[in-house]
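Here subunit A shows up in two complexes: once beside subunit B, once beside subunit C.
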Partner chain A sequence: MTTREETNRAIARHERNAAARRGVRRVAVFLVFLVVLSILYTGYKAFGSAVDDAQTDLPVVGRILPRTDDLTMPPLLDIAVEFGQPPQRNSSKPLGAFIGEAALFTLREAAFGFLLGAVLGLGLAIFMLRKKWFERGLSPYLVASQTVPLVAIAPIIVIWGSKSLGWLPFTWEPWMSVSIIATYLTFFPVAMNGIKGLQSADAAAMELMRSYAATRRQTLLKLQLPASMPYLFAAFKLAATVAIVGAIVGEISGGVRGGLGRLILDYASRYTTGPPRLYASVVGAAVLGILAVGVVTLLEYVAVTRRQAARGAR
Partner chain B sequence: MTGSDTGSKVAVSIESVSKVFNRGKPNEVRALDDINLDISEGSFVSLIGPSGCGKSTLLRLMAALTHPTGGSVTVNGKSADKARLDRDYGMAFQTSGLFEWRTVTQNIELPLQLMGWEKADRKARADEMLELVKLAEFATHYPRELSGGMQQRVAIARALAFRPSLLLMDEPFGALDEMTREHMQTEVLDIWARTGKTVVFVTHSIPEAVFLSQRVIVMSPRPGRITADIEVPLGVRGFETRESNRFFEKVTEVREALRFDKGGR
Partner chain C sequence: MLFTNRKRAAKWLIVVAVFAMIAAACGSDEGDTTELTPVTLQMQWFTQAQFAGYYAAVAEGYYEDAGLDVTILEGGVDIVPATVIESGAADFALSWVIRALGPREEGANVTNISQIFERSATLQVSFADQGITTPADLAGKNVGNWGFGNEAELFAGLRQAGLDPNTDVNLVQQQFDMLALIAGDIDAAQAMTYNEYAQVLETINPATGELFQPEDLSVIDWNDVGTAMLQDGIWADADRLADDPAYRETAVKFVEASIRGWVFCRDNFDECVQHVLDAGPTLGESHQRWMLNEINNLIWPASSGVGTMDPNLWNQTIKNAVDGAVLKGEPAAGAYITDINAEALANLRADGVDVDGNGWTPLTIELTEGGE
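Right, the complex of A and B next:
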């Protein structure tokens, strides 16, 4: 018996080490790609400049492929340095701090939107599972909701939020409207994958629950929801990125200040006076997206992968 | 030709049962026709027949997972539906149907949890069941870490955990290799001997039916009917049973019964 326990402990230790190694490898690959992309960017820029200097008027660079002057493609180093520079002459903080604050603002909008969308999407999925007529009747509306352009919906939601939610026990802030816009985008993948996941429960397992005279609620909680986890997490990853895009676009088209969307709009409109600023704020948005998906992946690891990972032992 | 088992109480009683799928449509199928069968308490009965003979449907009728078109199914003296709600039977399928996100113990505890058992009671019962199926040291493993035979043992432990009086098994060893299969047959007989449950066992393997059962019900397809009811008085089974002449005689008898109705229709 002790030998068995020892073996199990050894296996557990081995698993932890393997998981750590996988993590390190993932970060390493990420960094390698960063270096490769930087080299490609810089290399292409150098190549384009050489073509320019030689006055050869190669028909590709600047016509089909992007121009390589500093206005179109600011040097990477300039973008990196820009994070530490004040964005304007009279700014009190470096650009990095502005981007960081704006990113947190946007993250808050996206996070609330994501949570609300996840709950709404899962609720819809459960309701669709129970009522087939609901699924058939509602599906076209769900699809239609996602094809309406966000730029049209966003101002409506922002105006509606600021004008008609005075009855709420708290003050309705503009960022909350942006959260609703993010919700509008996130509930859809969760609802669609959710219904598929809930229906993915094995037929034999469903009959088994019936043979136990399990209630619908028990079947949902003990079988259908756990069975849907892989589907749900796939949707959550998609929803996490979409929530951030929704928040950024929502800020821009709703005219909400304080987040990355507004920052990007500002720097885009004054692009010629400082291209690296726009690039830096885009990098900020990208990092935010990677963070969001990273958090979801971590949750998935805790909730699903870790418990189901084969221990290798037979 | 209902069962003539000696004296004891009837666990399952099937009277003039028929089952028609897609009634009135072009693809109508008469899955079962005029089935009469009594299964006495504590016996081990196998249903055998070619695919499409309705043996699984008959088992599912006993479990109230489907309902008869005509006739009646009585389990422990009540309707099959009532018996299901009273949790009178445990089921095992060809696919073990274990929940992959639950450990072996958690899988066995599942029905107990649904039935509102206290945590300590659940744990004690699961341990007991793990001893019964000889998997105590795999308590904290996940299903995918177990072999097919071990998974089926967990499924049987789960089916018996809440002490149902009846065990319904639908080709539970169908996906196992021959050696594991024979081993599992010995195991299931051992469990049957120790728990005294009534077992109804669906199979398409003749030696399996003969080795396990006290009674083999032979069925034929289109429409599904009972064509023979063969008693198998081989006593307590052991390793040598499979090599005995009486075993071969019974295997031959069942095979003849299966062949007869193929030619006969």
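Right, the complex of A and C next:
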């Protein structure tokens, strides 16, 4: 006869194993896709070279479809090797270290922007939930704010930041202006999904809260916010990537040094002298994006999935 | 109700305070420079040897000797130096003449106080087998240009050769790399002597397996054709110059110390390159050496003292820009002034500084693959 505790332990063990299997499967799928993409890239390149070598002058490759020479599509191995090569003659620091440092710099800009944007977006959502007229009146402006081209506002923000924020108790650094740009992109999905999520609370549950004479704040904290979590985390994932894109674009157009944007721009403008460098820095940006979403997903797991699981077990 | 509001307000205050503290912890401490006049210089682009003289003036203490504490702001893709001066975020800016006169037409009251570069660095580069050595040879070819006003010298050269830029050549919008030229999409590409031209020479020629050689290329130099336009100069806020005697005095000191920096870079090539490298460009030493040599070539020898505006070249610049519809018309009076640079030169000459560089000859710089 098994005790209840033993059963629970068995269930827990089973769940752990299942989670581990899911993790392995996820990594496997990721790797398979990596291999498939590499084969497609290399295969197309080989096809293009073969056509070229045969002097058949196929009008498709190099006209409609991209060229396949090493300048346009450097071999994948070259890109991988490039990470370990020093990009500057006077130092032995490998490109990978340059990209890593730049990625951390960009991550800091994006992270501050993301946090500020998330707080701002959620605050707006809560306020819009309370005041319907506010939501209706403000929505067009929120939408309009996102259609303003980033390249137009980025230099304005950077110039304004360096000029007008001297009164702050700390030195306003250019990267903080880039964080503002990331904030600008981040708050929108959070506000939009936030309001939808807050409104998604079950009507019957809302009735119940009312029958308990719960205050608005209690309703918000105990019912509406938990209900909005899936929506919010969907928005956070989107926001994490746009914060990084925003930071990179902000660096490029505002002329802020130290991050991936500058690196990409520099390597792009010297493209012919080392195509793998540009590809490597773009890979760095992609990895950064994946990491950012990964962190949000982890938080989601802690905040939502595990709680739901705990509630289910009870 | 009031109570909860206050509690909430207190919470927000804490959040804000925490953010401020984190940000403050990240901020760097500035040294105590109360006795020096703070000056901000806006560059047109990122740290590179194109701006070597200013970095050298900082590193060699020339600005400090003049009582200035100079902060150099890097440029960006969308940063227009003249606009930055107008906004008050910078005291002086480096800009091509045309790139500053555009915003000036829109009302940014800036003025050129020192025209450091006497020559244009823009070339039209093609492979030698194309046989393009004069603007007339461009007829019917795919001619690359960057647009945004960079095409004005090219267009003026074409018109001078009796060609209509819009019908007699096939204009191609060019990226800022040289891939299109090497791939053959463009027959003649725009290139700066100190940048893109070197990039081609740092690229392996697939036909030989070696780097491209200068003999493989032919260049059209707009200085020789006679349609060159003025490039890097120092710009200041014209309204402040008129109203604020202290600012004008600072301007003289700034130009004087900057010229000292350029003289240093002419006479101490290796040390100057090191100053640029110390300022943290992304691109390595080989690039910076090539670039500084070419930049020196644009400044030295200076026909009538470095920084002196040549009215003929100014007029040629304006004419090309107006003919090419880059500017709407002749700039209003006061677009450049010569007294500040003249004062700086007089001080330097009195100090025994060679501001003409008549004895200067370019070095031969060897490029490496990828320009590391």
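By definition in this document, the second predicted complex is superposed on the first by the 304 of 314 C-alpha atoms of A that agree within 3 Å, B and C clash if a C-alpha of one lies under 4 Å from a C-alpha of the other, contacts with A are read in each partner's own complex, and residues count from 1 in each chain.
We adopt the following convention: a residue touches a chain if its C-beta (ideal position, glycine included) is under 8 Å from a C-beta of that chain, and two chains touch if they have at least 3 such contacts.
Quick caveat, the model's predicted, so the values are computed rather than measured.
*Asks:* May I ask you to decide whether A:G255 touches subunit B, subunit C, both, or neither, giving the answer as first, second, both or neither?
*Replies:* A:G255: touches subunit C, not subunit B.
*Asks:* Between subunit B and subunit C, which makes contact with more of the residues in subunit A?
*Replies:* C
*Asks:* Touch check for A:T171: first (subunit B), second (subunit C), both, or neither?
*Replies:* second
*Asks:* Quick one: classify A:A213 as touching subunit B (first), subunit C (second), both or neither.
*Replies:* Touch status of A:A213: first partner only.
*Asks:* Of the two partner chains, subunit B (first) and subunit C (second), which one does A:K237 touch, if any: first, second, both, or neither?
*Replies:* neither
*Asks:* Using the superposition on chain A described above, determine whether A:K196 touches subunit B (first), subunit C (second), both, or neither.
*Replies:* After superposition on chain A, A:K196 lies in contact with neither partner.
*Asks:* So, does A:M229 touch the first partner subunit B, the second partner subunit C, both, or neither?
*Replies:* A:M229 sits against subunit B, while subunit C stays out of touch.
*Asks:* For subunit A, which residues lie in the overlap of the subunit B contacts and the subunit C contacts?
*Replies:* No residue sits in both footprints.
*Asks:* Any idea which subunit C residues touch subunit A in the complex?
*Replies:* 4, 15, 19-20, 23-24, 26-30, 46-47, 73-80, 83-84, 87-89, 175-179, 182-183, 199-200, 202-203, 206, 277, 280, 282-287, 368-372
*Asks:* Considering only the defined contacts, which subunit B positions touch subunit A in the complex?
*Replies:* The contact residues of subunit B facing subunit A are 63, 65, 84-87, 89-91, 93-95, 97, 99-101, 110-111, 113-115, 137, 140-142, 144-147, 162.
*Asks:* Which part of subunit A faces subunit B closely enough to touch in the complex?
*Replies:* The touching residues are 1, 4, 8, 202, 204-205, 207-214, 218, 222-223, 226, 229, 304, 307-308, 310-314.
*Asks:* Across the complex, what residues on subunit A touch subunit C?
*Replies:* So the residues of subunit A in touch with subunit C come to 67, 69, 71-72, 86-90, 98, 108, 112, 116, 119, 151-152, 154-155, 158-160, 162-163, 168-173, 176, 217, 252-257, 262-263, 265-274.
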